[in-house]
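Following this line, the structures themselves.
Across the two complexes that follow, chain A remains constant while its partner is chain B and subsequently chain C.
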Partner chain A sequence: MSSASGFHRRLLALTRKEVRQLLRDKSNLFVGLLLPLALILLFGYGLSFDVKDAPVAIVLEDRSPAAQEAVAGIGGSPYLVPVAAANMDEAVRLIRAHKVEAIVRVPVDFSQRRAAGDARIQLIVNGADSTTASAIEGYVNGGIQTASRHIMDRSGSGSGGGITLVQRTWFNEAGVSTWYLVPGLLVLVMTLIGAFLTSLLIAREWERGTLESLFVTPVRPLELVLSKLAPYVVIGAIDMVMCLLAARFLFEVPIRGSLIVIIFASLLYLIVALLLGLFISGTTRNQFAASQMALLASFMPAMMLSGFVFDLRNVPLVIQIVSQLLPATHFMELVKSLFLAGTIWPMVLKNCAILAAYGVLLAFVTGRTLRKRLD
Partner chain B sequence: MPMADLIAWLAQTFALVRKEILALVKDPANRTILFAPALMQALLFGYGATYDLTHVPYAVVDQSQGAASTELLARLDGTGVFRRETTLASNAQIGDLIDSGKVLLAISIPSDFEHRLTVGDTAPIQIILDGRNSSTAGAAAGQIGAIVADYGRSLGGSPPITVERRAWYNPNLESRWTLMPAMIAALSFLQTLLLSALSVAREREQGTFDQLLVTPLNPMQILIGKAIPSILVGLIQSTIILLIIRFWFQIPMNGSYWLLYLGLVTFTAAGVGIGMSISALSLTMQQAMLYTFLLVMPLMLLSGMLTPVRNMPQILQLLTYVNPLRFGIDMVRRIYLEGAVFADVALDFIPMLAVAAITLPLAAWLFRNRLA
Partner chain C sequence: MSEPDITVAIEGLRKRFDAPDGKPFDAIDDISLTVRAGELTAFVGPDGAGKTTLLRMMAGLLRPDEGSLHVLGIDVRADPQSVQNRISYMPQRFGLYEDLSVQENLDLYADLHGVPQEVRRERFGRMLEMTDMARFTDRPAGKLSGGMKQKLGLACTLVRSPDLLLLDEPSVGVDPLSRRDLWKIIDQLIADEQLSVIVSTAYMDEAERCAQIFVFHHGKILADGPPDALRKRAESLGYVADALPDRPARVLQARLIDAPDRIIDAVPKGGDVHFIRRPECDEAALADLLSDTRVQPRDAELEDAFMLLLREHENEPAQAADDANTNKEDGDRYGTAETASPSAGERDGPVIVVRDLVRKFGDFIAVASTSFDVQRGEIFGLLGPNGAGKTTTFRMLCGLLPATSGHLEVAGVDLRTARAKARARIGYVSQKFALYGNLSVRENLEFFAGAYGLRGERKRERVKAVIAQFDLDASAQSGILPVGYKQRLAMAAGLLHEPDILFLDEPTSGIDPLARRAFWRTITSLAQGGVTIIITTHFMEEAEYCDRIAIQDAGELLALGTPAEVREQAGDDASDMNEAFIAIVEQNRARQTREKAAA
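Moving on to the complex of A and B:
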């Protein structure tokens, strides 16, 4: 009985100290609340895979009406802007200077070959940006096929048959990239907050020697971990609410799953992320190493290996194993489904269980780094 | 006499640079944390960061069961990318499979498919895609579209115009070729920024910076002493990544190494300039780290590494002009992949030089003028 009340009393005292420290140096609080805001705006407005108004050089070596009609579809595309180039030399200069992203070349013998039923148009894309290049290829193809169908229909030579593809995209009907990037924002913000808010807390105390003075007090490792966690969970929770509000009202991403499950999962992941920061702090015992580790362990893996933009289905097995080891990957799968698809219980339970296991494990190992031992 | 002054000045500066480098690399933990991650990340992201489809599991509802649908599906399976996970009896079973992520897409071929084709009607096929990752969904739909169109052509419904595509600088349009050169700049940027941001802040926190200020060294010398080790670390990291890209992933380098390194020195100096300014403003390592994190995310997201700068709204595109990472990535990609010469990338140098020319002297000025 007395030990339980001692636990509460010590926890409360330690937490009060951490809160004071947090409030005294305002930079922590400032960055903790400002960074998510900046990220929300950048994510919603800055990141987009959707190509628009891409300049494409048009080289008409055959100036016949048929040739002009064939490329007219490019001007009609909302994604492309045609730029007339006098000849190939000029077009090559434009693509090298990045004034255009691609070249569409109608060769001299276009009309002649068309009469023979084998008309060809050359498309040169700048592969240095492979995503944009693939998108442009799709749009140019689309524009030219539309034009060629018109020509066919008019000449009456069209067979009318053929296979058509009726495409339906579930969960993101319009295929807007914002819809899948914004839920990922929640993951990145929680990861960052966790890593940078807590990763120096224990290391700083080791460097300054204040942790050793705590050894002579009745404070236990678990109490230290919990007291360092508590104030930052509050900051993280505020950030989470900001992200959710922005996703729903600013970017109008649908929340098809249960909001309560999203909040619960986010808090669970937040605690894991904060504990990871504390763990880094406790093992390195040195602010320099702790901050470098936090940077390396949080931001890039969460962005590159969690399935945020790069689909994990496409990566080799070894990389899949590495990404499955990251807590961020499991939270990413959760939020993407909870936002766009709905509450799919088996997936929710599996991933929440994994996150909870990580939480328990990290709390345990972080506590161990704080055992009262001098070396 | 001025000559002797200059020699003394250089000797003092050199002594400080030497001390800073030793302090950095004498600690084995530092050596590991500064050089091992570049190697690991280059390998991990080289394999992991790809937009190219390699494995698309799909389900089929083939109500036609005819020769045409069998042939079409065989062509799909023949790509090696599309893997038929299961054959379903009805469309109603598709939902669960897509929800759980077991398949990325489902193809539904109606029972009158064969009949419509033979009488010359339009024969529709339905595909249902999991849009949770819209890039993957779009790419998969594009590939199926191409396969179906190809098959349609083989049936005789050939379109009158063929588009022949050639991709310069990256013949197979592999996304690794686009992303990895960007890593030469991006990965080293993160760590060097933090390294330089911590450099002065650490001495401030430990109280040794005041001692440095009362030595005969002037702020410019302190700046050089602190900046050069960070720049060197950045260049070594870039070199590690460059070697992996060139020799492990075997992406051909088309430009001049001299020009590439000239660009990397400029780029790293700009990054270190930002870091030093943060450092001069921070009183503790905690603050230096927070401000670095605050800057690093926006700088990364607005660099064109993941999504092209061209797709951003105008106002954000303007903001990217103060982002050395944007121009660093552009410069490396152009030199590495496009074989750009100096005239092609000269415009990339201007913003980077401007950032370095403002932030480095600013940091030196702040050493004396922020004494709190």
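Moving on to the complex of A and C:
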């Protein structure tokens, strides 16, 4: 029998074995198919940086019509709910009790100063959650600006004084954070499927002693790696379709780039993630250690350091270097721009090349961990 | 290497490992040997002798540090894959895929070896028939009993006829019936295919079947040759002595084994005591040990030669830590065996009463209507094939598992109503010693003393007492102790609260013969001190130490009585416990088949 047909026969036999094991182990299927669904719903609905109906305490120390008019814009905002507070003490009590997120204080001398063209309104925001805080700051600012413009228009105090700041956000015009998060979710789900599921595969065979028996057969290391990859690529592809469908129809995120490129890049990254899991598995030879390692080395960094949540340009240099070493970072960059900006070829090619390089490297080192040796 | 009749040629082979304590040691220490083709060759030796390491090197799984190693004329170091293409290797724990069925496991290995379909059909049929597994081809491998798994492992190893078959302790932890089946397959293949086989084993009756035996100890070969040549070493050293009148055979056995300056080995067997003297010690010097009994010389057995070799080697000055398991001071430590032995009449009633005990798991009856008593100070053995219900019975007696129905009384306490109270009176040593590896011996004992509710002065006293009793090193780290020592520590922990009853679940599996002798010496002296012992074991010859034994199969109690009574029940053919056991289990299975056919 020629070596090529031996390769195919053995690969087929091993792949069949892996598929059977996957289908019979319900917990693996659960992690592979239901967990990604839970993640999509959890991150899509649960993790949102948008502020809606945030309560804001209004303290009117100057009860003049002008003062009232100045804060009226807050009530008009869909994001804010004004809560009247009798005085500053009460407002402070409210913010401490988390009943309100911010305090808008119109001081006693508001009317006087306005006449002098030097009116001030104090805004105190609960800064514990900085993202929410800055959002509220923006909304309050907007509300008050609108009001003051009205006042200015009416008083006709010259067009020169009506300088208005027009804010505009690119790419995420609506400012909806799901647009920003959902493409990243694809990265997270691929990482989870890849690294976490496969991290158990080789370690389990070490623990159960099945590899020792398998090694003393004509089997080659590459065949073992490929057979373990195959069924999980299918699971990963199902998850990818789930993510894309959810993104498009559930969260209504626009897909501006080429769908083909998105799918190709996702499969490329999936293989990198699967190989990373296999490599961890083959190195630790212990299921518990492997799953912990996989979580620490792939899923956590993919969430924290890949630019999923935090803009990488604002992090210290060391973190930037670390994040550039992660395959997830490159896929994250790629997928976000493919979703929201369109197909930018130089970027697609660069990032795909990086992912492919990771794939080749990991396939090689994983093969080394299955060198058919016990020492 | 060119000679066609040599399958393995080894020259100056060495393999170094790091011991758990970080020091390097030679697992294989300058070994040279040749194995002839078409023969059955045995590697025997105590645990840690290097048998597994050597087999793994032959299979190309470990790289030798020095020396040359040729298998089938191929340099294994240079080209392990070519060797792996032609040999079959069954590791100690054959890695079956537990969620795949019997058939799927067989298919996988046949595919990997490229066995053609037409060859496969014939070979599978024969394998399944020989292993008596044709009925179970659809069953997941994980749902098979231990013995069946081992047989399936062998079948997977033999999906094609290899040029060399390596078997690493194929019968460890396997009951006598499955063990016999395994050997049936091996014998058949040797006869049909002139297979070359190398088998490592702890059983002397298995080594006896082989053409060539190599005896390993600490990475060296102590002796080699055909069984007859090895047996000659112990010629005219073996004797059989009658047991002391009205005493169990183990009393005289203990007396003999406590005299290691004159006696190499002594075991109870068939109601008598078989022993071998030291070669340098003549019969006259034994007179005072045997003044009150009748002694006759007997033919040398392979086991005698093996024990002789091990003991001789042990006395060399370069003694490794493993060997500290000798019982040189056991006589002083435990007191002499014959004092204060309560005879049967003096015993004050049963300490364990079991009546119509039943345990079901769903529809499956694990233990069916079982009744027996155990007297105080008795050693009671629970024997049975894998999956017979031993462990279930055992767990119910210890109060770890509630009974489905029946009456269960331990130390005068009804287990169904007062389990916690009963537990305070019993000690339990599980199969896998549940000790904390990174704690010292003293810390482990202090923890278990606390867990048993010992406090203050009494706790200190008891920890000190068991450390002295078992000759332990209090500051040693538990995890890196030799196996024999770990087991002593586990026993010490089980005895901290001075229980009336000690439960031991297969305490001797995976322990070499020297450590096993020492272990049984401890057990007999505990029984002497009035502790009741309940023990399960796979080594049938160990039943001879017991006052009474019970044999279980498929949840049913098949035999109950003294070893002599059980042998009698088995019939005339049964010369030893192993055969008696097989005969009783088979008689029962045949009867059930007849009943099923009649119904």
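Basically, the second predicted complex is superposed on the first by the 362 of 375 C-alpha atoms of A that agree within 3 Å, B and C clash if a C-alpha of one lies under 4 Å from a C-alpha of the other, contacts with A are read in each partner's own complex, and residues count from 1 in each chain.
Convention: contacts are C-beta pairs under 8 Å (C-beta built on N, C-alpha and C of every residue); 3 or more make two chains touch, one makes a residue touch a chain.
Everything numeric in this text was worked out from a predicted model, so none of it was measured.
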* Asked: Is A:38 touching the first partner chain B, the second partner chain C, both, or neither of them?
  -> first
* Given the touch rule stated above, what does A:25 touch, chain B (first), chain C (second), both, or neither? -> both
* To do: Figure out whether A:52 sits in contact with chain B (first) or chain C (second), or with both, or with neither.
  => first
* Between chain B and chain C, point out the one touching more chain A residues. => B
* Contacts of A:137 with chain B and chain C, given as first, second, both or neither -> first
* Asked: Does chain B (first) or chain C (second) touch A:260, or do both, or does neither?
  -> neither
* Asked: Which holds for A:210: it touches chain B only (first), chain C only (second), both, or neither?
  -> second
* Partner chain(s) touched by A:116 [first = chain B, second = chain C, both, neither] -> neither
* State which residues of chain A lie in both footprints, the one left by chain B and the one left by chain C. => 25
* Structure fact -> chain B residues touching chain A in their complex are 29-30, 33-34, 37, 41, 44-45, 47-57, 72, 98-101, 104, 116-117, 120-139, 141-142, 144-145, 148, 151-152, 155-171, 173-175, 177-178, 187, 190-191, 194-195, 198, 202, 284-287, 289-294, 296-298, 300-302, 306-308, 310-313, 316, 333-334, 337-338, 340, 344
* To do: Provide the residue numbers of chain A that touch chain B in the complex, in ascending order.
  => 25, 27-28, 30-31, 34-35, 38-39, 42-43, 45-52, 54, 70, 95-98, 101, 114, 117-134, 137-138, 140-141, 144-145, 147-149, 151-152, 157, 159-173, 175-177, 179-180, 188, 192, 196, 199-200, 204, 284, 286-289, 291-296, 299-300, 303-305, 307, 309-311, 313-316, 318-319, 322-323, 333, 336-337, 340-342, 344, 346-347
* chain A partner contacts - residues on chain C that touch it in the complex -> 56, 59-63, 80-81, 84-85, 87-91, 93-100, 104, 107-109, 111-114, 140, 153, 156-157
* For chain A, which residues are in contact with chain C within the complex? -> 1, 6, 9-10, 12-14, 16-17, 20-21, 24-25, 205, 208-220, 372-375
